[in-house]
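Residue numbering begins at 1 within each chain, and the chains themselves are lettered A, B, C, D and E in the order written.
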Amino acid sequence: MLVILILFITGLCTMFASLHPNKALPKYLGILGILIALVTLHLRLGLGLDFPAFFTMFPLTRIMTVIALFLILILFILQRKYEKDYDWSAVYSLMLFSTCGVILLLGQQNLLILFLGIEIMSIPLYVLAASKKTQAASLEAGLKYFILGAFASAFLLFGIALVYGTTGSFVMNEIIHIQNINGVQLPAYFHIGYIFIIIAILFKMAVAPFHFWSPDVYDGSPTVVTTFMTTLVKLGSSVTMYYILVGYFRHQFDNYFKFLLPIICVSFLLGAILGLAQNNVKRMLAYSSISHIGFVLTGIILGIALQDMSLFVFYLLTYTLSSLIVFSILDYIENGNAVFLDHLNGLSKHQPLLAVAFAIGILSMAGIPFTGGFIAKYRVLTGIYQINGWMFAIGLLSSAVAAGYYLKTLNRIFFYENNQENFAIKNIYLVVIMVILSIMILILGTLPELLLQGIHKYFLA
Amino acid sequence: MILAKILILSPIVGFLINLILGKKLGKASGILGTVAVLISFICAIFMYQKVVSDGAYEVPFFTWMHISTLHIGFSLWVDELSSWMMLIITGIGTLIHLYSIGYMSHDKGIGRFFAYLNLFIFSMLMLVLGGNFIMLFVGWEGVGLCSYLLIGFWFKNVEYGHAARKAFIMNRIGDLGLLMGLFLCIQNFGTINFNEINSIAAGDLALKASGQLGLYQPYIYTAITLCLFIGAMGKSAQIPLYTWLPDAMAGPTPVSALIHAATMVTAGIYLVVRNAALFELAPFTLNTILVIGMATSILGAMIGLFQNDIKKVLAYSTVSQLGLMFVALGVGAYTSAMFHLTTHAFFKALLFLGAGSVIHAMSGEQDILRMGGLRNKIKLTHLTFAIGTLAIIGAPFMSGFFSKDEILEKLYNHSPVVWGFALASAAITIIYMVRVYTLTFWGKFRGSQEQESHLHESPSSMTLPLIILAIFSIFGGLFNLPHILGGGLSQKMAYWLSNINSLKVLPPHTSHLSHSTEIMLMLIATAVVLVLGSFAFLKFKKQTNDQLVKPRFGFSLWGEKKFYVDELYHNLVVKPMESMSDFCFYYVEHYFIQPIVFGSTRLFYGVGQLLRTAQNGNIEYYLAYIAVAVVIILTSILFVF
Amino acid sequence: MDLTNIAFIAFSAITLICALMVVLARNPIYSVIFLILTMFSLTGHYVLLQAQFIAVINIIVYAGAIMVLFLFVLMLMNMNASNEPNKSLLWKVLAGFISGGTLITLLVIYLKNMGDIPIQPTNNSALGAALPPDFGYVKPLGKMLFTDYVFPFEIASILFIAAMVGAVFLGSREKRTDN
Amino acid sequence: MQLILILPLIVALVAFFMPNKLVKEFSLAFSGSFFLLSLYVLFKYDPLNYYNFIYYNETFLVGTGGSLHIGLDSIGVMMFALTNFVIFYVNIMAWEKTYTRSFYGCVFLMQFALIGVFASLNAILFYFFWELALLPIYYIVYKWGNGKELNKTFVRFFIYTFVGSLFILAAFILFAVETKSGSFEITEMAKNSLTGKTQILYTIFLLIGFGVKIPIFPLHSWQPSTYRKAPAEGTVLLSGIMLKMGLFGLLRWLVPFQDDALPIIQKVVIILAIIGTVYGAIIALRRNDLKLIAAFSSLSHVGLITAGIFAYKFVGFQGVAFQMLVHGINIVGILYIFDIIERSTGTRYLSDLGGISSKSPLFSALTLIIIIGTIAVTPLTNGFPGEFLLLMSVFLYNPILGILAGSTIILGAAYLLRVYQRAFMGEVSEHVSNFKAVSAFDLTALGFIALLVLVLGIYPQFILDISANGSQYLTNLLELKNN
Amino acid sequence: MNLIGFENYLWLASALFCIGLLGALVRRNVIILLMCIELMLNASNLLLVVFAKMFGQMNGHIFVFFSMLVAAAEVAVGLALIVLIYRKFKTIDSSFLDNLKG
């Protein structure tokens, strides 16, 4: 709770910092605020602001919040080189507000918080997507995201209303309790509500067939926003899905999870196959994220079935990390607003370390051993096999197909010749951070327990 | 023991020195190579004596391979057969080495040549001394390799290279058969040691003799022996694998003498004799050998009749003679075959060396139509060549007479029909050999002026071997005189050879031919030789230049073209293989193998492109997709209730 | 049939018809007007359902603020029936099928399993009992909002700030015109 | 042992950051010392213990069933030596060329991964190293490859190998889940067994996975084009050692788990392998490009090895072990020769070559020895013992197949002697006329291979003694499970 | 018979929701689209109020209160965006906003 407050205040500060002539001030304020938030998390300060009916700091919440703060911290630290009038202070503050929404979702105990969290997360995002106001693509992305997001919100609200109609409460525990005592004897509209809520969250997660916005929006948005979307937003929406499936409606899970399986399969395949046909790297990665979010969803389902949440947390962690690396470097490469494969040509010549970090990020996405992506994918796949052999096969197939387009990017980076003048720009922060992140991915891939156990000890102690 | 080691190692040392220092040694390499083989020869003589006095013995070196129960030692087995072969190889080998010093003196690659020759001697010794199939195979492949190297010795000539490769590959076909026979032995007997196999076969022979069923099914023996015979076929140039031998004449003449006449090509005979007990258990194989041998003998002779290249004629003659040896094997006359092998080694080596001398004198000319009247120019060569010719056509009391006669006698014993065929083959041999001899040495010189001016007798290093071989060609028959002419003691070779394991176990060979029949057969053969020989001599002596060069037609054209067997093989085997290769590469690879992956990538890519059209950028479509998905999900939920 | 039932039927009819007209009207301005009418009829429902406070803010916020905002924007863009884009008939039919299908499916699902409701909620339920007299009044609502629901209430400020910053950010003119 | 495993990685990292000038000497020195080290390990190998140099650490990869469990069995130790040999020769071959540090880094990274593959006693660890081994080769092939349609070739190569490795992963997961053990330690896995359909699936998956790398007949279409486009060093790596990964994988991860031996699959695989053997040889008969010949010759040779594995006989396993080693040595020799030819004449098309013998007799003599070794011509060269044992195992399995497989000794001779004849014999061709003298360095390196050809041919028992233990283990296991 | 049973409201709200859906699918004017989405939100609000009455609890009302907040915030941002779009593209026809695709 305190974290949200701090982030909110930081957001306000960064917003007003734009009045100060120092252009870098909003950024430093933002970093400071995030650090403070991290410190308060570490000290477990609460100031007595505890609302168990709405928001609770579970260990999971704590872990995820730290990850989220870590991701946004890195997003803030990295320097960018957009045109001068790009209003960084507003963007930073909107990002911080959106992060507040994400954190709300991470600890939600109430459907109201779910709804508010989704909206607080999304509304700044609509703006962020359109934040390059001079660019048509950015605006279009913003509009698309907005219309479709609002549409999904309508479903969400309708679903919540129907659920409320059965349970008479928005609180997670009470909803669970009602289902507990009534068993399967719940009215039909409860189920409709449940389905509608799931659909809305699937939309936010960009799971096929509710993914249509994501390639366009990822493509059109400024890359920094895309980075934000593929990391924090995925985090928030996935955790929400986790709460939906295992929190509010855990009694429905057994009946309904098989409806999710075909959806996941479609995500696997669509993400892989459509990505293959892309030239635009951001679009390609958007499709890849569809595939990945399929895995995340599977991780959640498996986590419930196998009583092991680490599956899904681990997957999210590795995916967001590698996606952070990849998109940050894309942001560096970016020329104009779109990154095509040609723009990647010859990165390794000019920026070998960045190229290696990018490669590690991509390899992690592709699920090559020695990267965290492999362990994550591997564990999920092992789990899937226990549920359904065919789905397992589809998962593998999608990995294979997706590897095709991951490879394309690597080919461009390592084997093609090109002299892009912006490769010459040295960006030492970026390089150092990317290298650190890629080492983290490697550690996740070889000694996952080192990290996981550390997390475990830290958060559960 | 130590002798055997020296015997084996001496050529290999010669090989290594010649290979490494060949260039620096120059002509000394020839002497070195000869000495190396001479040492082996001396060792061979001593070893022979040891075998005479102490009987067979084994010389183990080390374990070459040990696989569960199968133990393959790198060891030599010295017995009567191998020591006999050893003597032939090293003896004739020494002579030919000696001859080569002169013959190859102008060649730059003399060091290399002697290196290969030494390697060949080593391999051949391994072949005959090997105590098991693998050791035999070592030699077997080794001689094939040396044959390849030596045929292609003048590597700049592409044709020679082709001939070398052809020889090698045809031999490989035989090798495959041998290898399969070997596997069959392992599969059925669990061993590839000759002695053990022989004792197994002996057991079965004994059972069979007592009217019982053998330990192993007859078809096993048939299969094994057929496989072995295929191996022999390849090495000893029998139908259908004989075409490489005439082509192999591309190599230097001493090579033809040593490898393609005296030693290597007889390896097939050796193999059959070595495993005679097995063959005795497989009558079908023996019959096959008989038929194929006979066919080869006649075909070889007939082709030889129409050839003009002096070496080719000799080569076909070799094919024919080898066929005759196989015929002998086919009727179970193992020692006779060995006897003919021995005499053939002498006179065929002599003939080849003589031919070499002629070619040397003629500055490399090989066509007998361009020779003639050489008898006065190169007298020594002429004399020795005449002796060789007499020996091969079986003129009375020459070595060839006795060996051939013994075979004919055994054949008559087996069946007069076979005898008839063999006699026909022998008759053709007479004609073409006399033809070669006459056209080369009699009549007028038909070559160019330049060649005539260069005509000279070969150096003594070349004539000395000729003389020695001529002596052996005359008196070689004494090794195994028929008993009507001397009997008992002089029957030594056959008796001695029958001591080897594989022959010892055979039922005693009983000849039911009376002495008179034997004499009659001998007389018939003598008559044929005399009549045909003199007829041919007179006919060819008189032939003029025009008669010789006039184009042939009909059967003789066929004969000149070797009955188109090479073309047949080319069209039946080589061409289909090549088109198969191209077909596989250009069609199978392209249309069946590659689509496996590219098809799938195209599929995914195509589907991707198709699905991209759904992502058309229009919000209303996106909304509709979502709505449709919702409807579908809701409808499917409907079925839950 | 008492007054409330008649009112219910009337409001429902107006709601549905006006909602349909929102969708079907060619002129965007008409759509807005019909939407406002829909809001009013919904307000009527709220009153019927004893949700006076909601009824009031529905008028104020929705009909008063939001719809006016819409109207402003539409007028700003000078929208009218003539330049209103129209979809093909096929698309309309398809859309009808989709949304009709959704409705029918929903209804079928409702009908299939209606027996057990209303079910017994867990806590301080007033189900079946008479509603408290001040149900839906501002006072108890306010009380709830600032005691039990203070957390979301505060959180909502983030939402508003964010929306405000966003709207201002979007609305602010670029310092340099794009060229 | 841990040191041996980790050293190449350290060297690789150092090589990545070295100045380009020094890296060549550095790499040669290190690869040479690794090779010597591996010889030491080979001689030090104790056949009485099944796994030597064992090391176990379970903190690695926890949660996936993986662990750092390494050790060399008798076949593994040979492959270990072969790896070091091949890497050494790659460095030797690169000596005359100008490669940057990333090449050497990749090579050592590859060495690290390959040793890992051969030493892993944990399926997941194995898979890790397997994938890791693929990455550097992708880099090498693409970065230094040349020729038209390199991209297409590369994509095909990638798809094949990547999909193949996914099949391997699938098989392992299947095994762990179906046996409900969840353990990937080979010692634990050997205690469990699959049955029925899952057994078949496991077998087929691994066959596809490893079969791509080997390659088994219909899965080979990546091979010719990749060999053709890859730099010579890449080709050496691919055929010298990487296809051994596949064969080794079959030996370690498939054969021990063949409970009911699946006679149909066995038969199908042997038939496919033999088709590949003959097919490769037939195609190689007429090709003009030396590297294509090398590719199809490889296909042909490994087909026979695969058939030897699936004959499930002690003889076969011995032959496989021996032949894997020998094929590695010989193909390195052959490719080295081809590379020298290409370097010296600027072409590698047979039609342009001829008469090298007259230019460089010593080189051609060494070539001949290595070619003879490769076509298994005489029992005193190293090609023979392995081929002999393999043919024997196939023959014992089925004589007809044995004869078919045996036909390669004819075809093999035919195509390689054709190469020798076309390139080395005959008149000096235009391209060969300015044949650069083969350096003493190259000749020494080739001479060493030729020496190996002879030594291993004359005394194969040394290698067979080492591998006997592993082969016996496999045989016993199969017999145990089948009875 | 009391028509103000919640079933009837359920049907009414569902119908309203589906009309909103229909509008969202049928209209190309982005503003109208947004209005239709507002219709859908209103359907939900209605339901919440109905259920609040059914349960005799006012938390439903609270939720409606928040949902209105959200709707207002959304509309504020959305209309700002639409105005921006209009300035840039000179149209708010959704079918012309399809530069990002594929």
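Please note the rule applied: a contact is a pair of C-beta atoms (placed from the backbone, for glycine too) under 8 Å apart; a residue touches a chain by one contact, two chains touch by 3 or more.
The structure presented is a predicted model; accordingly, all values stated were derived computationally and were not measured.
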Central subunit by CA centre of mass proxy: D
Pair sharing more residue contacts (C-beta pairs) when C-E is set against A-C: C-E
Per Cα centroids, the chain farthest from chain B: C
Inter-centroid spacing, chain D versus chain C (mean Cα positions, whole Å): 71
Centre-of-Cα separation between chain B and chain A, whole angstrom: 78
Chain centre separation (chain B, chain C; CA means) in Å: 103
Distance from the mean Cα position of chain E to that of chain D, given in whole angstrom: 66
In chain A, residues with contacts to at least two other chains: 112, 116, 119, 123, 126-127, 130, 133, 143-144, 147, 151, 155, 168-169, 188-189, 191-192, 215-216, 277, 404
Numbers and ranges of chain B residues touching at least 2 other chains: 601, 612, 615, 617, 619-620, 623-624, 627, 630, 634, 637, 641
Chain C: positions in contact with at least two other chains: 87, 91, 94-95, 98-99, 102, 106, 109-110, 112-114, 121, 125, 127, 149, 152, 156, 159, 162-163, 166-167, 170
Inter-chain touch pairs (all): A-B, A-C, A-D, A-E, B-C, B-D, B-E, C-E
Residues of chain C defined as touching chain B within the complex: 87, 91, 94-95, 98-99, 101-102, 105-106, 108-109, 112-113
Residues of chain C defined as touching chain E within the complex: 4-5, 8-9, 12, 15-16, 19-20, 22-23, 28, 31-32, 35, 38-39, 42, 45-46, 48-51, 53-54, 57-58, 61-62, 65-66, 69-70, 73-74, 76-77, 79, 84-87, 91-92, 94-96, 98-100, 102-103, 106-107, 110, 114, 118, 121, 124-127, 129, 131-132, 135-136, 140-141, 144-145, 149, 152, 156, 159-160, 162-164, 166-167, 170-171
In the complex with chain D, residue positions of chain A that touch it: 310, 363, 368-370, 374-375, 378-379, 381-382, 385-386, 392-393, 396, 399-400, 403-404, 407, 411, 414-415, 446-450, 452
Residues on chain E engaged by chain C in the complex (per definition of touch): 1-4, 6-12, 14-23, 25-29, 31-32, 34-36, 38-39, 42, 45-46, 49-50, 52-59, 61-62, 64-66, 68-77, 79-84, 86, 92-93, 95
List of chain E residues in touch with chain B within their complex: 21, 24-25, 28, 30, 33, 94-95, 97-102
